[in-house]
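Note that the chains are named A, B and C in the order they appear, and that numbering of residues resets to 1 at the start of each chain.
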Amino acid sequence: MNIIVCIKQVPDTTQVRIDPVTNTLIREGVQSIINPFDMYAIEEGVRLKEKYGGKTTVISMGPPQAETALREAISMGCDEACLISDRAFAGSDTLASGYTLAMAIRKIKDYDMILCGKQASDGDTAQVGPGIATQLDIPQVTYVKKIEDIKDNHATVERMTEEGFEIVKTSLPCLLTVVKEINEPRIPSLKGRMKAKKAEITSWKAIDLDLEEDKLGLKGSPTWVSKIFTPPPRPKGHILEGDPEETTTKIVDELKNRLI
Amino acid sequence: MDYLLTEEQVMLRDLCRQITDEKIMPIAAELDRTEEFPWGVVKVMADSDIFGTFIEEKYGGMGGGLLELCIATEEFSRGCAGIALAFSATALGTDPIILFGNEEQKEKYLPSIASGKKLAAFAITEPAAGSDASAMQTTAKKDGDHYILNGTKHFITNGGEAEIYTVVAMTSKDRGARGASVFIVDKGTPGFTFGKKEDKLGIRGSATRELIFTDCRIPKENMLGKEGQGFLIAMKTFDMSRPGIGAQALGIAQGAFEAAVKYAKERKQFGKSISSFQGIQFMLADMATQIEAARALIYASARQIDAGRTKNISKDSSMAKLFASDMAMKVTTDAVQIFGGYGYMKEYPVEKYMRDAKITQIYEGTNQIQRNIIALNLVKETTKS
Amino acid sequence: MSIQIIKDKCTGCSLCVKVCPFGALTMVSKKAVIDLDKCTLCGACVDSCKFNAIDLKRDSSKTPNIEEYKGIWVFAEQKKGAVQSVVYELLGKAHELSEKLGSEVSCVLLGHNIKDKAQELIHRGANNVYVVDAPELEHYLDEPYTKAIVNLIRKYRPEIFLCGATFIGRSMISRVAVKLHTGLTADCTGLDIDEKEKYLMQTRPAFGGNIMATILSKNHRPQMATVRHKVFKEASIDKTRKGKIIEETIPKTLLTSRTKILDIVEEITSTVNIAEADIIVSGGRGLKGPENFAMLEELAKVLGGAVGSSRAAVDAGWMPYSHQVGQTGKTVCPKLYIACGISGQIQHLVGMQSSNIILAINQDPCAPIFTVANYGIVGDVFQVVPLLTKKFKAALNR
């Protein structure tokens, strides 16, 4: 099986702040990590390869530093990695990103399955996975919590719903976005880390991918951010300390009227 | 302090730290309570190639040395010394094979240890033979192509969980220091059973059991080195393993220290964090300095051994173990003190570190024996010059 | 911008004729011919042609004839014939927006045997309901739903398209936006109309809620947005409202699917779906063990609420994942959220900080949860929670 895993390097969410003066993101000193949901996609890609044989290729669209994310994916067991990076991609929204990634996947050509994390922790849109599937005109299943079987050029998977799940069968090639229920990502072994250190990562620029210029970057992004701001802080709360008998009585008195 | 570790050593340290943070720390308190053996963590260590750290690549290992072993042990012990012992006691049990095993023995046993499939244990201590190892009574009587083992070992770490045991037994009663030999005994060998699991003050995530040999027949091919080399092998093994115990003590101290610093910053009394009081500051400064000194001593003695300077290592490795374990006892006790009343409660992690630290002053040669070793070597050196 | 048929490649299969929403294509001597007066360059024919016989040159930096896009559409998600309540919330907001734009609100309802639900949507404020009733649409499947919606949007050209940020909604709308080459903003917490330029201003949290962003899709239509459940208020029911029900047929070729549903499994959880609950009593690591969630259940029962959990408790196996509140769990916005023994890491706050009233109970006065709490008790959960249960029971006469 040839599997492609799409990952994104994101800032560690817990650390992001806005500069109150310039109203822009403070990126310095913020650690970059692999988007948490993509870790599950990587793990599933490696497990599928271990089960069915074949190859797992991990790709990422991002600035040059995204290479560390790709190496981490290799240390978990991916066979090959490809960085799609170019100034021309800067400012891409989900539409432009999906287009660029889809074209890179087109260039890789042979694939049976594409795996993506459910959403990225910086944008939280969950749009790129389906976007890639649409650009490539392949079926997709989102919120996959288990891949039951792959047989006769079809995949049978469990797809989460609000009430439970559905068992869905789709033809290959297909794209799946996965949720954290699907597996427990492994801690990369020493051998894996050493392999990752030495691995050669293919790097593609815009020119390598035969892209339509007006579909890239800012130009190719229908949506753009007109304003960012910190959400209004919640008003300071009444925090009580002391004898639980007293504090609970006070709270119940306050709240009981607001509940009825 | 920057110990100028190589890239691979840093990679190892980071990996062990990740395993400690994600897999060991979350379950440390529970295993301390239930005394359950940490097979889950053993699997993660195995999958991460950690068991191969101290084994040659030829036998499926990663080709590291004692410093790598110390780095891994230190990181795991920071999470839980008991859980870490599944790994570090395996290293101890494997050392005799690495040092004195022949090619067949190495090929037979090292790969399954390197892959983490099997754990190992070293067995020398007996009820009547602790510091006085020569008082041991377990016998190995030659019988054709076999040796028959009889006797009891106790306080054996990984006892019952390990598959591979390196056992010291008396092959002849009247040859004094040349009377013992070391054998590799597989779990499941007829005549080899286990006694009760000990209920311990600390390192409760580690399994400590009696080994009982009743007419246990083992092939002569399982003897390590030559007959009569038993005490020599044991001493050489301990020379190599002492920095590892030091690393364990160091990890325990580091874990307790980190908890104490964090607590001191958060705890407010008299309107300020207690970390702003000089009394606490001085304690923390002393703890940090002692920890760093122990680390430097352990790394230096490990590096020395890895560089092949194995001639007079007894004194240096003893110093590393002695200093680090005494330091750990002091640092963990101080950590409990910094936590105050909360430090005494099982709800808080620091009393466990104090209980765990105590054993490092006792096993693998009590600190009194360590002082003997150091003194004897000092005398030898001054006598020479 | 231009469109033309490459006669050499055209095989006369007439698939394009069937899918064109404007009837702009006809077959003449077994070759397709485009009526340029009717053609809107929507591209439906290009998608359908298997022989690449239609060449459409389009400036993708702008939707053509952008001024002609009018109306606010809401996707009426239905499951097993029941319209999902998020749709009513969207209709409420759509009505507000329509007043500022001076346009109509329409719903698009797909399914099988669902025509009778259209009236409900009109009572909730839809001026028009476009219904597509086909057996292929009985259960949601990405491809037929996407293609049907795309077909209708190409035909009717709404200015704004809103959809619930549900499992179905998020999956479908992403495909639709790509097919239409237009902008989509997910999980909006705020929607408004720019006074001067009349754009749809789409506001949403980013970086786990640390930051809010307002997003515009100036040059592309429709402007698409998804909104989570319980963010906006439901539109009120007015049975006297009148509206149009328009039945639409979609060519069968568009309703095929490479994906099939083999089975639908509903998991019965003991308590109500927490995202629906008005009151949530939530527990974290401070509860120390699964058995202690029983006391939270008691408090929840007295208050008529549901029990939630932080990630720590779910990871420890004390509560099932369906109860997890937070970045990787559910986002909830109840009237009252009681956080017991939850420290309040950002990943948890992100899932509940827009709750109306937050009451936090924690023995650590420095726990981050207190920064978002309206009320807090610093104390031992094991003492405080039973006392609250007792006192609320008395106060509310339960």
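Throughout what follows, contacts are C-beta pairs under 8 Å (C-beta built on N, C-alpha and C of every residue); 3 or more make two chains touch, one makes a residue touch a chain.
Source: prediction; values computed, not measured.
Set against the C-alpha centre of chain B, every other chain centre is closer than that of C. Centrality by Cα centroid goes to chain A. Chain centres here are Cα means. That of chain B falls 57 Å from that of chain C. A separation of 42 Å divides the Cα centre of chain A from that of chain B.
In whole angstrom, the spacing between the mean C-alpha positions of chain A and chain C is 20.
Across the assembly, chain B contributes no residue that touches 2 or more other chains.
The touching residues of chain C, when paired with chain A in their complex, are 59-61, 79, 142-143, 146, 166-168, 170-171, 174-175, 177-179, 181-187, 201-202, 204-220, 257-267, 273, 279, 303, 321, 327-328, 335-336, 345-347, 353, 357-360, 365, 370-380, 383-384, 387-388, 391-392, 395-396. On the chain A side of its complex with chain C, the touching residues are 11, 13-14, 16-18, 25, 36-37, 93-95, 98, 121-131, 133-135, 138-143, 156, 159-171, 174, 180-181, 212, 214-215, 219-231, 234-235, 237-242, 244-245, 247-249, 251-256, 258-260.
Residues of chain A touching chain B in their complex: 186-191, 193-194, 197. Listing the residues of chain B that touch chain A in their complex gives 7-8, 11-12, 15, 18-19, 22-23, 44, 47-50, 52-53, 62.
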